[in-house]
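Common to both upcoming complexes is subunit A, partnered first by subunit B, then by subunit C.
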Partner chain A sequence: MKVTVLQENLARGLSIVSRAVSPRSTLPVLSNILIATDEGRLRLSATNLELGITCWIAARIDEDGSTTVPARTFGDLINALPSDQVQLTLDVKSQSLHVKGGTSNNDIKCIDAQEFPPLPVPEMEGAIQLNVVDFKEMIQQVAFAASTDEARPVLMGVLLSVDKDKVTMAAADGFRLSVRKALLSNPAQQPLSVIIPARALNELARVSTDGEEAIYMVVPKNRGQVLFRVKDVEVVSQLIDGTFPDYQQIIPRSYKSRTLVSTASLLKACKQAEIFAREGSNVARLDIKQSKGEMQPGEVEISATSEETGKNETIVEATVDGGSVLIAFNVKFLREALEVIRTPNVALETSAANAPGVVRPVGDDNFLHVIMPMHLG
Partner chain B sequence: MTIIICPMPIRLLSSEVASQIAAGEVVERPASVVKELLENALDAGAKNLTISIADAGRALVEVADDGLGIHAAEMELAISRHATSKLVQSDDLFHISTLGFRGEALASIGSVSRMTMTSRVESAREGARLKVEGGMAGKVEKTGAPVGTVVRVEDLFYNVPARLKFLKSDVTERRAIDSLVTRYALAYPNVRFKLTEGKQVSLQTSGDGDRRAILAALYGVEAAKQMLEVMAEEEGLSLSGFISPTSLTRSNRKEITFFINGRWVQDSALNAALMQAYHTLLMVGRYPLTALFLTISPEDVDVNVHPTKAEVRFRQQDKVFSFVQRSTRKALLAYTPVPSVSPQLWGSHPLPVERREVGIDWSMAAEAGEQLSVNSDQSSVGSREAMVESGQSIGNRQSEIVNPSFASVPLLRLIGQIGATYLVAEGPDGLYLIDQHAAHERVLFEKLMAQHDSKIIPSQALLTPAVVTLPPQSAKTLTSQLPFLNHFGFEVEEFGANTFQVRAMPVLFTGGEPEAALRALVEDFEEDEAPLQAEVEARLAARVCKRLAVKAGQVLSNEEQRALLSDLEACQSPRTCPHGRPTMIHLSVDMLERQFGRRGAR
Partner chain C sequence: MPRVILHLDLDAFFCAVEETHNPSLRGKPFAVGGKPDERGVVASCSYAARRRGVRSAMPMSRALRLCPNLIIVPARHRLYSEVSKQVMENLRNLTPLLEQISIDEAFLDISDTREPPARIALDLQTAIKNELHLPSSIGIASNKLVAKIATEVGKKSAKGDGPPFGLTIVPAGQEAAFLAPLPANMLWGVGPKTEARLAELNIHTIGDIANWPESDLIRRFGENGRDLARHAKGQDERPIVLERETKSISQEITYSVDVREDKVIEKTLRELSGEVARSLRKNDLAGKTVKLKIRWPDFTTLTRQTTLSQPTDNDEEIIRTALKLLREVRKPNQAVRLIGVGVSSLGAPIRQLPLWDAGNEKSRKLQEVVDELQDKFGKQVIKRGDVV
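== the complex of A and B ==
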């Protein structure tokens, strides 16, 4: 193999695929990145057997070939080279890759490409086309609510369902639920419902830069995996097997009290409360009070107490429809939900101290977040 | 003043007193009545066994079987002491193949209760009934009865109030009966068992020989599914049954069950053999669940050691020990998964259906790794202790680690800090070396615990209620505690037999599973420990250690050192850190003098 590439292209490609490298593995080849010539371009691939990322970069190819290079050594080296052309020459016999950039000459010990797990070659026919900006926002608004607890694998994923021109993502960790809907520009041919690991979606959001036209998604039959393609990057992930809880049942149908409040003010109040709440059990109380008179606004009093450090109370002006409610939440959950809401105002729907609370952006019906309350005995 | 002892004449005890004393050995509690009657029924070759209990066995224990029955003519003899059909001459004692042989059970039970025995043998046209009250037998009456024997024991210990006083709570006594009957059901899968308490059926087995189904009744379905089967045979010994995989453990030895030739025994040597099989695979303080059935030639085992026959002696103890240890270890290792990477995802093969199993393997492999690391940790602790011990033995109190049971610390005069890690102080009885990190951990830990005591555990509601099925014994414990669960941040409702719905769980566990949390709570209840105390402590200790306490290698100013000493003096148990390591080492004046040769030879 003899290839010449631009240093910045190679560095960008490596930074994209290196997130799928498995840093500690008993299979040494998984700590490596596959580099292979592929129809006039250079293909970079990495996988930890759960998630795989492939990226194609422009290259001048003098001789075809492939090998796998240790990810850290190669990545660090390329980043340190001058932004100029880089020559990669493989000595097949010794599996040694000669890397020449500027006046720097390096030889890296490689592992034969034959040992690298074969990557699936997808059929892109019938792919679902998703808008990059929308899809990234969906991931951002949903994936954080997924569980990190390995005991319940299903909840570590995001449920993605497609029906005609509607796409919905939902994630829950047992204490909160995030649901985001969007429309497809081209209706899908058949309905689809899969559970994708939250981590894979986060990586997808990271590699797909704004301004690119579309993300294409395929779920090959009976393979238990999903494949996304954005321009010159492919992300493949294993799907999570199982049944996602019926989240529609969890969303409260009605509410007793609806509180309209500025997203930024409430977020700020939550951040202040969290400074104290995090010492204990993250509990923050929300005292939602109706307006006392005609011209007076209602208010939400957010408070947190720590046995060790003290306490905090913040009052945020609000429009309260319905009765007053005193309810406690895990303030971290509330803060994380508010952080992904784009609208200037947010509505908090509550019924009772022991009933779930719903957070909705005002003027955007596509997102909602359910948080289960806490109680102090 | 002189004390005059009145000589009392020596007398033979009246038969009533003697029988009550003897009964005390055999009949300790309602569960022992059940055990004796069950064993009789099984010896009689029963295929169907019905056990009825009322008021935790105090008011009624009734065992009905369809075994051989007793001849009307032998009824009276049957209830007298040392009367049995199972043994003729003393040589027979050395190859006992029946469960009973002492001929004491019925007499003992009869002497401490109101007992009615009804029985018919197949050849007789009518049955016979005999009533015994406090050891006094009535007349044998003729009556209609099915083939088999029914023994009805009412008002147990009505004439031994002292015994009655020593009975534990109803829940405990019931649990003892439950676990006894379930274990016998497990040992005799071909016999149909039915246990009813009042109107409630708490155990019913089909008698079709399927042990795993009974295992499910004992440990719950999930646990039963995971249990590993043991099957081994060697030179007249055979071992069968079930052991738990390393991922399934309990915090006590209660679930370790051994049967020898169909008899439930508690033998410390067998337990030790089992624990050795699990050696390095389980964390400290965790024990497996087992139900193991050892078959051994009756000549090689002496069961006539203890009146309740719970203890046995083996002719070749070492052989049995090593056999049990090897065969359980083999079964355990055969199932312990070898971590292997399967690049199935990337190949062209379709997703295998058994993917879930692969998942389990992976998680078990991960766990095994964890446990290994824990163990290596432990061994380092062990070696350090060994070092300390050897030090002690050489210098005879060279460095005495202060016994943690001496609660308080003497007044200390600070001398300084060495190695930026230890404080040196003088006490009235010598020199003290104090580990600054451990000492600070202790101080902070007690401070945080004090704050915690006053607080209620906050609870977090679950998005969807989790349904948890517990084994019947645990379920009973939990049911009795349901009203108090709120206090610990749980919101739990009963949801059918042995099944509970968890709607909220304490914040302590968030990130964990509701099921695991509930189990931890039940275990605390079962061991009569302060519920969740261990979790609270562990969490605080971890926090204190990681985030708050000064580290070794941190230089402390004089004021800081002094403050640490005075804070430590104020602690309730200042001599150990929350993880149990010593905070201080004491070098006594006496020891120093010996070391310097001021007082005799070393």
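== the complex of A and C ==
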């Protein structure tokens, strides 16, 4: 193999695929990145067997070939090279990759490409086409609510369902639920419902930077995998096997009190409360008070107390429709939900101190977030 | 203004409780404690038994040799702690400035109480006797040290067969004079070793200590010497400590004979976990760390602990966690001498409610009902199926 690439292209490609490298694997080749010539371009791939990322970069190819390079050594080296051409030459017999950039000459010990697990070659026919901006926003609004507890694998995933021209993502960690809907520009031929690891979607959101491009998604039959292609990057992930909880059942159908409030003000108040709440059990109290007279606004009093550090109390003006409510939430949950809401105003629907609260962006029916309160004992 | 500190000690508490439940024991030599063939010791003994030389903490086998017709009554610790709680509540009605120092002993600061100390003491003794059928002895002085010694003096000077019902009041200013004739070992901090070293100096009474140069006591006994000198003069500034901060709640049990049956050990662990959970709930606490303690027949002791994602006061959850720890550390049929369970990292019982219930909320509701029934009708009225 003998190829010439631009340092910045190679550096960018390595930064994209390196997130799938598993540095502490018992299989040494998984700490490496596969580099292979591929129809006039250089293909970079990394996988941890659950998640695989492939990226193609422009290259001048003088001689075809492939090998796997230790990710850390290769990545650090390329980042340290001058922004110029980089020549990669493989000595097949010794599996030694000569890397030349400017006046810098390096030889890296590689592992034969034969040992690298084969990544699926996707058949993109019948792929579902998703708008990058929408899809990235969906991921940001949903994936954070997935669980990190390995004891319940299903909850570590995001349920993605497609039905005709509707696509829905939902994630729940057992205490909160995030649901986001969007429309497809081209209706899907077949309905689809899969659980994708939240981590894979987060990586996909990270690599799909170009707002103009579309994301193509395929779920090959009986493979337990999902493939995404965006421009010159492919992300393949194992699906999570299992049944996602029936989340529709969790979404309250009614409320006793609806509080309209400025998203930014409530978010600020939550951030302040969290400074004290995080010292204890993360609990913040929301005292939602109805207006006392016609000319007076209602208000939400957010407060948190820490035995060690002190206490905080912030009042945010609100329009309270229905009765007054005193409810306690994990303020981190509330803050994280408010952070992904784009509308200037947000509605908080509550029914009782021990019943789920619903957060909705005002004027946007595509998103909703359910948070269970905390019981104060 | 000198303080007025009242020290109350229930006379032969465990025995007195047993007598109220079984009047036929009255006046007879009996002891509460374990059986002699099961490494039992005397936890408490009746005054009739005391006259034969039986003392608490004595091995039961020795107690029987001293007093062959001694009646052995098995201990009912839960009953005692319930009665103790009633006594303490009675005392708290008088003043919230209460420091409970053991199951049957407490200090009260009655400096600001309007009635004269002697009146208060007699009223307390009468109330506890009439309502709970328990005899008690009281010492009153200007500090904790002298008050406690006053109670002991009152108990020792009692005559007759019945409980002492002691009441000793040391007026402010009389502390040193009151202590002076008493043997040195009645002073806190004078154990057998210090007592022997004092005896070498020909110091036998508290008064002897008070008269000895303080500088020499400090030279011989270090910081303890300074305390000795001050205490011997009847000086003690320590305040009433209102509520000890609870750091952990635990329960343990030593088997009378080593047990190797998995079922028996797991049942014990369930019971202990249930008791821990119950006392957490009673104290309005929940804890995040569950700890298992286990002692093998060779006396090696292990502890294993795990931290939960959120604080718990729930029977089920503590039992489940404790059993998991047990199964990790103990092989099936491995013999066990002692087993215990504790919960720490305590705080208010705040918990995140779940979106969908995995059974915890249901078990909590059940718990509340069981607690209520047990509070009303006693612990035996309802129990978990797996500990019956």
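The definition used in the following text is that the second predicted complex is superposed on the first by the 375 of 377 C-alpha atoms of A that agree within 3 Å, B and C clash if a C-alpha of one lies under 4 Å from a C-alpha of the other, contacts with A are read in each partner's own complex, and residues count from 1 in each chain.
Here, contacts are C-beta pairs under 8 Å (C-beta built on N, C-alpha and C of every residue); 3 or more make two chains touch, one makes a residue touch a chain.
All figures in this text were calculated on a predicted structure; none of them were measured in a lab.
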{"item": "Combined model on subunit A where subunit B meets subunit C, clash or fit", "value": "clash"}
{"item": "Touched partner set for A:G174, first subunit B, second subunit C, both or neither", "value": "both"}
{"item": "Subunit B versus subunit C as contact partner of A:E50, first or second or both or neither", "value": "first"}
{"item": "Touched partner set for A:Q225, first subunit B, second subunit C, both or neither", "value": "first"}
{"item": "If touched residues of subunit A are counted for subunit B and for subunit C, the larger one", "value": "B"}
{"item": "Contacts of A:E39 with subunit B and subunit C, given as first, second, both or neither", "value": "neither"}
{"item": "A:E125 touches, of subunit B and subunit C: first, second, both or neither?", "value": "neither"}
{"item": "Shared subunit A contacts, counted only where both subunit B and subunit C touch the same residue", "value": "149, 172, 174-177, 245, 250, 280-281, 283, 328, 330, 354, 356, 370, 372-377"}
{"item": "Residue ranges of subunit A touching subunit C (in the complex, touch as defined)", "value": "149, 172, 174-177, 245, 250, 280-281, 283, 328, 330, 354, 356, 370, 372-377"}
{"item": "In the complex, subunit A residues that touch subunit B", "value": "25-27, 30, 47, 49-50, 52, 117-120, 148-153, 172-177, 222-225, 238, 241, 245, 249-250, 280-283, 307-308, 328, 330, 354, 356, 370, 372-377"}
{"item": "Complex interface listing, subunit C residues touching subunit A", "value": "284, 286, 309-311, 347-356"}
{"item": "Parts of subunit B lying in touch with subunit A, wherever the complex brings them together", "value": "339, 341, 343, 345-348, 350-351, 355-356, 359, 363, 448, 451-452, 455-464, 486-487, 489, 504, 507-508, 510-514, 516"}
